[in-house]
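One chain, chain A, links the two complexes that follow: it is found with chain B in the first and with chain C in the second.
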Partner chain A sequence: MSMIKLIAKNSFRHTLRVILTIVGISIAVLAFGLLRTVVTAWSAGVAASSPNRLVTRQAVSFIFTLPYAYKDKIAAIPGIDQVSYFNWFAGTYIDKNQFFARVACDPETLFKVYPEYQLSSNEKAKFMSERNACILGIETAKRYNVKIGDIMNIDGDIYPGKWQFVVRGIYTPRTKSDDATQMFFHWNYLNERMKSDYPNRADEIGWYVIKIKDAAASATISQRIDNLFKNSRAETKSETEGQFQQGFVASSGAIIGAINIMSYLIIGIILLVLCNTMIMTARERTREYAVLKTLGFTGKHLFTFIAGEALIISCIGALIGLSSLIPIVQGFESVLPKGWFPVFNIENSTYVMAGSSALLVGIIASIVPIYRALNTRIVDGLRFNG
Partner chain B sequence: MSSIISISNLTKVYQRDKQEIRVLNNISLEIAQGDFVALMGPSGSGKTTLLNIIAGIDRPSSGNIIVADTQIASLSETELAKWRSRHIGFIFQFYNLIPVLTAYENVELPLMLTPLSKSERRSQVELALNVVGLGDRMHHYPKQLSGGQEQRVAIARAIASDPDIFVADEPTGDLDRVSAEEILTLLDRLNKEFGKTIVMVTHDPYAAKRAHTTHHLEKGDLLQEESKL
Partner chain C sequence: MVYDLTDNLMNIPLYYIWKNFLARKLTTGITITGIALVVFVFAAVLMMADGIQQTLSSTGSNDNVVITRKSSSGEITSIIDRATADLISTMPMIQKDETGKPLLTSDAVTIINAPKKDGGGLSNLAVRGVSENALKIRNKITIISGRMFTFGARELIVGKAIEERFSNIAIGNTIKFAGDNWVIVGIMDAEKSGFESELWCDASQLIQAFNRVDYSTLTFRISDNANIEQLKALFAGDKRLNQYEPENERKYFEKQSEAMRLFIQILGITITIIFSVGAMIGAMITMYAAVANRTTEIGTLRALGFQRMSILIAFLVESLITAFIGGFIGIGLASILQFYSISTLNFGSFSELSFSFALTSNVIQGALTFTGIMGFIGGFLPAVKASRMSILAALR
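So, the complex of A and B:
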């Protein structure tokens, strides 16, 4: 018989209690993982942002536009590699509940500033050559079963009217944390309609995305861009893409903060559940620990027995919780409004945090029982009737 | 015969709240190697405390105690644990077997502290269980055994590591007369056939008759010695 066998036999002595404890830990690990996934999904834009990209928007608010004429002026600033531009289109596809980002872009520069959106050269060429062509992220294409060559009809709201797009490409993201849900189409297509129907809205840009040569120069270049348009009719605010995304996340900061706190409270709950089990277990075995000491087992052995038992229980709970996380996250995502979170993946860090938290909880939960077992005199332990 | 246990002026005082309780009062005692000693006395006379001190699971307040050539009072807890595993076989009144372990595994427990290989441990365990007549109950759990059988497993556990001294605290106190007789016969065999020193606490005069020497304690004092040798 090995120490491990002895620990394993002891761990399952009270089957019902241990099963309930393991179930409690599994649910807590699952809830922790799910909440962390929500938090990371919320911050996915920040995580996926590149330090080499700046975003320039209207200084007053993102909802106001900037002149198209700024493009060349920005491009002339030293240190800038590419300037691309976008307009938030919104609109309704099928019905108002079907959400995914629909964005007018400059096809020529889109893939230069966003190399993470991967499209075959054939699809890229077709997208660029057709005025009303669009490309879709693979997730959205799958969701609506849209194929290359299909027509997508969208009712405009910010940009009124009926809009028709031909799908000419389906892009795939380079990594799991890149957004695979967006729709991009020609800014020129949008601008031409504006020129004819709403001339005062023509040649307006939602935001510029600027690829810079050296990430370390981001602050200086941002400053230079903003200085360039100071006291103009549309002053700019330039910042790194990460800061820009963070601004969106910050608006939901209280909710994220609350979710974060909840996720850590759950770790506290696991700790209480396991502590309770371990303290009860150790108390019931006071006499056995005294017998083991009498036989010559030392404090080090008792430490191994008790901590080992707590770790076995917490590890099994963590394994069950983590292995249930993928289907639960998929189920959770399916009941969320479509497109709510463009990226809803379980990060590796979530697995690591949940798993290591469970291990840590196992160790902490055994501290009190170990202390008691070590500090109970053998003669007192032998007299114990629990 | 040389002494395996030598006690001089041993005193044990417990502190309960502000009150001092003197459990053993200036005890001096020599126990020869290979002796079979019974400690008798009424409840609270200090016999179990004396046994615990001899076994190294309790410490004296003052006085000297040498067991198996070791001044056990000066050992640290870890040293004492190692010393116990080498020199003492403990037999409890309520057997104190681990319920989730089979008879075999219970007997194997003290051997986990030795450097013996798995096969050496196996032969030791089988030998010990055969000595107590439970070779055919190796894979039974304590709840599947009678009280007498449980106590025999406890004795097998005590003898597995081949200690010099067996200390038994009321080993027949929880058994019927037939089972008690079997246990006493077993202790007798350990003493006579294997030359082991046995110190047994008992209330039972019948059990004490098996010992060569009986010491009586009363209120912490060692009274007279009865020797049958």
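So, the complex of A and C:
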């Protein structure tokens, strides 16, 4: 009991230095948490994907389309529950800097393959019955202050022309990691206009999303779909939703890798700050340690004193850092261009990693001072002069 | 008391500062390492942002003009139909080559998937179909091995950066897309610009193969007596052309890098602010300890006649020297990064772009300023503390 008291008293003997060290550690923990959050946000799409969903797209690249006629052929494969289809619409809303996904969908199957997008049955019915209706994720609706009944004017790029949609619903995500920024509208609306304006671009699908009954069969079913259209004009590539999302993340892998390396360098920096403090502290107390040894305290005791002090400092620093992480992450998100990350949350793993590395750092930082304290002869220690 | 600064500068115990470094090797070493790491990360982030920008802005040329559809967000979403392309190609503002043909290329840009070498799965590659005058307009491009593709044949030349990163990409290999096999016949160097991350072929072959009819963009060399503002006004005033937009080619590609650069910069600035506070604290801890440990010495110096100001400057100089040693080590480490190039998905074109870390003078200046600020702030308060000690108290 009295040892703990001594450790605690010792920790705050040099108030200014300890406060500075704690601030230093908490800042580093903060930076670490922020970088980890960026890394996890980047792959949020992978994390939110369902193993029960397959994505089938054109084999050459997702910018090419597939025939609408594939739908029934895919649906006939056993093990498939639901086939839904989408077209990437893009276009310009207000100006070119407003990013959020604008997608043509099949309203009938949308909610069957994506149960995580929640819409009241009233709004759902209105959305389905009106040809030029659209729904928005709640984040996007809030961002542009759009209400039900408002008109969305969009300048088409992939599908040229002026487009108007009426907002008939605002969907909410089931969990924080689901994307609540997208806009969905009727594929039929798009297709009718293509039929009259660009007949050679009618009845084309961007990608199919297929809900399968058993996730374990995903590889076999993907293979069967791709075999079905082998050697046709539009060959397909099917994979699980997770693999599909991973493809996008992998393209930016180098930058994510660099951010990752930085986050570990930060741990190194925390270590240096704490090491420095502990070495200085122990150096100043060389004489005290000699006195303690003379009084009969053993190496084990000295170890407890030094490591305990380092751990107290690193844990307080980590706690302060982690508790200020939430406002900093929010602030960071607010300066980023909107829509860059549909999902930007602090993952639990980030807290765990930051906390455990602070503990580890506390232990490592006490190695040198403990070694020195143990290896100083009592006589030399007593003679020591700052 | 009035201090004469020059007199005081003469009185700084420089030899004493140097001896102190040697006396506390470990703590000083740790502080230097810490600052070096901070400066390294700071410089690396800036180098990444500058690298992306350099690559894309060197892709375009100030003498060229790109025409795209107004609402398009990049080359692949831009569509220019044949009639409009013909109309634009007869404009008098376009320079002519020696045979009287306009220096213009109608590009068709698309994306294909290809497997990467490092086992990173498939990635997007931009395929650019160009017209016969393309190399005259984009004169940074040289074929470094193999030969130029033949117009009218399904052949490709590939950028140097792609050859290094993707498997199956080598002269003589074929790539299958759009229901046909395309033979790689040459490797191009484009002075590290974005074109090095592309595959080039004959635009009309590409359009036919993909069953398209329209081009994506037009690029031409603007004649000496015309300028971009005139062109913009002309396009805006013409009913047939007001859906399209002319832009300086260099600016066009620069804009494509904007989103990525902005992201890296915001990340960089946030991290840097956080880091610099951390590093200043590190320097401050070291300097406070240095002052506390040397109380008697400071008292002795004062008793020997050194002025308060000299003591203050001495400690400040010590802190600055520590910071700059760390800073130079950090910049030195970061400069090694120049030899690496990495790639990322460019959101402007939705295809992979390879770029190198660029150690520009801006980066060096930024890193040195940052180092100076860290050393100064980290050392100032402790130095003040040292200089305000009374001789009597210190000597006791």
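Following the convention adopted for this analysis, the second predicted complex is superposed on the first by the 385 of 386 C-alpha atoms of A that agree within 3 Å, B and C clash if a C-alpha of one lies under 4 Å from a C-alpha of the other, contacts with A are read in each partner's own complex, and residues count from 1 in each chain.
Simple rule for what comes next: a contact is a pair of C-beta atoms (placed from the backbone, for glycine too) under 8 Å apart; a residue touches a chain by one contact, two chains touch by 3 or more.
Everything numeric here is computed off the predicted structure, so don't read it as measured data.
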{"item": "Chain A residues touched - chain C or chain B, whichever exceeds", "value": "C"}
{"item": "Partner chain in contact with A:Phe297 - chain B first, chain C second, else both or neither", "value": "first"}
{"item": "Touching partner for A:Lys176 - first (chain B), second (chain C), both, neither", "value": "neither"}
{"item": "Which superposed partner A:Asn276 touches (first chain B, second chain C, both, neither)", "value": "second"}
{"item": "Touched partner set for A:Ile27, first chain B, second chain C, both or neither", "value": "second"}
{"item": "Residues of chain A touching chain B in the complex", "value": "1, 3, 6, 9-10, 13, 287-288, 291-299, 377-379, 382"}
{"item": "Contact set on chain A toward chain C in their complex", "value": "16-17, 20-21, 23-24, 27-28, 30-31, 34-35, 38, 59-61, 63-64, 90-92, 96, 155-158, 160, 200, 233, 237, 246-248, 250-255, 257-259, 262, 265-266, 268-269, 272-273, 275-277, 279-280, 284, 332, 335-337, 340, 368, 386"}
{"item": "Chain A-touching residues of chain B, taken from the complex the two chains share", "value": "49, 52, 55, 57-58, 77-78, 81-82, 84-86, 90, 92, 96, 98-101, 105, 108-110, 112-113, 157"}
{"item": "Residues of chain C defined as touching chain A within the complex", "value": "26-27, 30-31, 33-34, 37-38, 40-41, 44-45, 48, 69-73, 76-79, 110-113, 116, 120-124, 177-179, 210-211, 213, 243, 259, 262-264, 266-267, 270-271, 274-275, 277-279, 281-282, 284-286, 288-289, 292-293, 296, 342-345, 350, 352"}
